[in-house]
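Here come two complexes built around subunit A, the first alongside subunit B, the second alongside subunit C.
Up next, the complex of A and B:
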């Protein structure tokens, strides 16, 4: 299958996981970002390691205590803010990653098929994408989240579907370049089915920009989900979540600045770290 | 020029129609029942619910409902709100002013901050002002606008009582919301201005200007910045549409009046006519803004006009 590994696909994507050694060439900032994201992953997988307390433990005697009580202070129920943020990482990252994956998979599939098929299919899809792109993502997500009702699953659906046109557009553009390449023509003259050509030849070679966009987008998704949470469309359950901390802290802002400030800071730092890593991925994949 | 405008409008119409179809389908296919939302809390009988359904026209087939909506919209009738029983167009008329003020003020914040910071970063390229501004623009883009709003509220309304925390009257009430909405957009503009200025500074006409004996300030402000304004106008114009949508969140933070608040309210009560009306108005504004941007930069830069005319 020599024809599948054309220069358009960097070696690292074809199989070898880019090792940490490759990071050495990057600036210190990228390192800090990588450490931050690793910490978040640790917090998501094993929150107990970083904060052993029970995040839902209510302590009526310690309501709205400033930082100093614990690391970050406490919230309106006396819950420890640091513990809450550590345990809320999983939900925030899950929402960000799942919605991005949803948008990426559905969007790429649409873009792939439209770009490869060409003709009236592509025209129709192209126009539809224009329509969707002409519509701000936050409104799409708001409408979907509101119709489905507040829950984590629906938040993922809303944010993910709002992302579909973005990914479809990038994938379609990429496919239109790839489809005219010699190796695709070779595969076609070999009599391979359209599905096989798409799956084995066009898709792997169109992935790089989509993956980069996806990486950067995880941060955007987290923010979008937090905004929807803030508008009252987030999950309303016992599971701790950054967006939830941020919005429930709002009424206490005048007296307890630390709740919204710290939750928002963590959110912002995460978005920055993810987008820095995405940029460095872009550099490495040369897209 | 006229043919350019006509062509843009002809592309815009199907876009708006597409938005209405998708919106209409989404509202009716997804769960969420306006009748039970309207009667929420109040005791009601199945007969009363059925009567409401009839009154709202929800018993009719989907395509008929859609045609009626589009037909009415063409005669500037956006229906009646389920909740307030007021004509939606009247409600939007009362609410759209504050939203437009907010969006335009935010776009101004974005443009002014972006052009200033972008120019400084380009002039002091790779030195500390550049590094600082690039970091700031990254942070600005990453921060959620509602959080910026909350922080501004805490700093300049609670801690230092300089601006009112809520309300929509007067210029003072506009400052913090416009900053919250505009600062995150400014990051994009900063990067764009910086990059296009750096690109221009490498061109031969800049060397010629220096050779002519102009000072650095004259070259940067009088020539490089002038040329960098065109892409900036485009991006700020395009941002304006997104800022109108972003107002949904910021209006909630500051409890401002506006169509964003109206939409959030409508969404929470499944008030279909309100949702449809507001979204339609936003889509129309979005398309109109795009047309104005396209046309305006063909005015600013005659080369674009010539290219389009030939094309």
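Up next, the complex of A and C:
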């Protein structure tokens, strides 16, 4: 019979960094993280509420002004950095969430079939996933994004597909545990079809770890998307985007440190906040 | 000493066990030399069930008794077509379920399960899906047999079914999740689920072990009624000799994967034709003395299928064994309407 142990969930960022580990399980910190994520959601849904200015307005007279001019200062085109960051939230969250959902759905489906079928199907899928996992996620994403061309949709596709093997692995392990449980055999003794057993009984019971992994992964996808965008594979120039702010500020790091610092800081805080929320969800679901 | 002496206390309901024989009974389960083997990763073939032969006819309750590890549950699961799913398991001999040969084509059971064939498992808490409500799971079973009906009709039918297994507030229970119910409640839900499909052949693997005696009596009464009214056939796997005495039309005793004795309960409790059956019956603690005497046990344990004794598998634990018993395997031989697999059956019953 097949091995029926659950693979350990990949540890989130907050679990890996020693200083951050202390923050986990601290409810005050979780609340701060929640407030930050809520702010981001607000910025994504209604950026005009937080920054009424037009993010693309160029002000040649106010180029590379330090924080104090506006809130965060301006970039080399005189765009207001605060407005730019607020308006860039939508693209960051959209890509992060959509690509995670894509990876989760496709990965779980693959894992579900492989784990339930077992035998040679599982073997074949397992080896293919091994090949994909041998490349770092960023490389797979880079490859896909570069061959599809720069656009938001392609960025989602690239990051999502790079995440597929991770979700497939976790889902497969979970399905193998669930399918050997007695209630699945009881369902079989009721004469239900394999598809029905998979859909109604195995899938819902296997989802908890996959969902937790998904929440933790939203942060990772945002970083991955920002990295690709930094490399010029992001959305078109008119769309405000965090990765783009990072890359445009990079040549001015010595003279205008605030551009990259602010963008990097917002990105880091977002990833940590999402990661902490994911951890808290994991504790709640006891997976 | 005769092995035929019955235990000091007679099981209470011997009289209830005799049922009128209807001549038109259809054989719904027929095992003839059925063998189930398990292939270990090392390549050895371990016999879990060896040449099991017995029949269950409509309107008949057959009890399968024996110690843990004697192959009762494997037999039950094989009849359901569930062991065959495991590639390490191989089924041989002849086995017919509702007229279909399940040895050459185990997939026929898939069409029978949940319709003419149903099973109750022995672990109630883990037999129900934790993320579905009781109602959802029972509805699934009901629809498998009867097709889709209106939600109201389905719910009232399910509440009726739950009432039959002793759950009074059935409508409330339909909306609960399994973890909100006790083990006994889960077991009754499982039984209701099996009965929802009105099977012609019910396989019950220790269905009442988790229940207290009053509920147990209620469930057994229900099974007895369905047998009489609906001509349902039941293969009841049990440890409980009292249950067997009360309900069974025939008792099949298994030991180390082999059927060692097969008889009507009255005859069996009166006189055993196999030393193992006598041993089992002697293990029931007497209820008459004020201070119970020391519990009688059969020394030793069921041998592992990897290390079966030669000859009769029971001979190392048998007080009556002779040289022949260690040499040759006794056949399941006919003894005037009942069967026993013991070399000394005739001699010891005298």
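Note that in this section the second predicted complex is superposed on the first by the 261 of 287 C-alpha atoms of A that agree within 3 Å, B and C clash if a C-alpha of one lies under 4 Å from a C-alpha of the other, contacts with A are read in each partner's own complex, and residues count from 1 in each chain.
Note that a residue touches a chain if its C-beta (ideal position, glycine included) is under 8 Å from a C-beta of that chain, and two chains touch if they have at least 3 such contacts.
No experiment lies behind these values; they were computed from the predicted model shown.
Superposition of the two complexes onto subunit A shows subunit B and subunit C fitting side by side, with no clash. In the superposition on chain A, contact of A:138 is made with subunit B only, not with subunit C. Judged by the touch definition given at the top, the superposed model places A:271 against subunit B, while subunit C stays out of reach. Once the two complexes are laid over each other on the shared chain, residue contacts for A:130 go to subunit B alone; subunit C is not touched.
Residue contacts after overlaying the shared chain place A:185 against subunit C, while subunit B stays out of touching range.
Contact with neither subunit B nor subunit C is seen for A:68 once the two complexes are overlaid on the shared chain. In the superposition on chain A, contact of A:205 is made with subunit C only, not with subunit B. Once the two complexes are laid over each other on the shared chain, residue contacts for A:246 go to subunit B alone; subunit C is not touched. When the shared chain is aligned, subunit B comes close enough to touch A:147, but subunit C does not.
Once both structures are overlaid on their shared chain A, subunit B and subunit C have a minimum Cα-Cα separation of 12 Å. On subunit A, the patch touched by subunit B and the patch touched by subunit C do not overlap at any residue.
Interface residues of subunit A facing subunit B in the complex, by the touch rule stated above, are 127-128, 130-132, 134-136, 138-139, 142-144, 146-149, 219, 223, 226-227, 230-232, 246, 250, 253-254, 257, 260-261, 264, 267-268, 271-272, 275-276.
Contact residues on subunit B toward subunit A in their complex (touch as defined above): 14-15, 18-19, 22-23, 26-27, 30-32, 138-139, 141-147, 150-151, 153-154, 158, 241-242, 244-246, 248-249, 252, 263-264, 267-268, 270, 275, 279, 282-283, 286-287, 290.
Of all residues in subunit C, only 80, 82, 85-88, 110-115, 117-119, 121, 123, 126-132, 140-141, 144, 190, 193, 197 touch subunit A in the complex they form. Interface residues of subunit A, counted against subunit C in their complex, comprise 1, 119, 181-183, 185-192, 200-201, 204-205.
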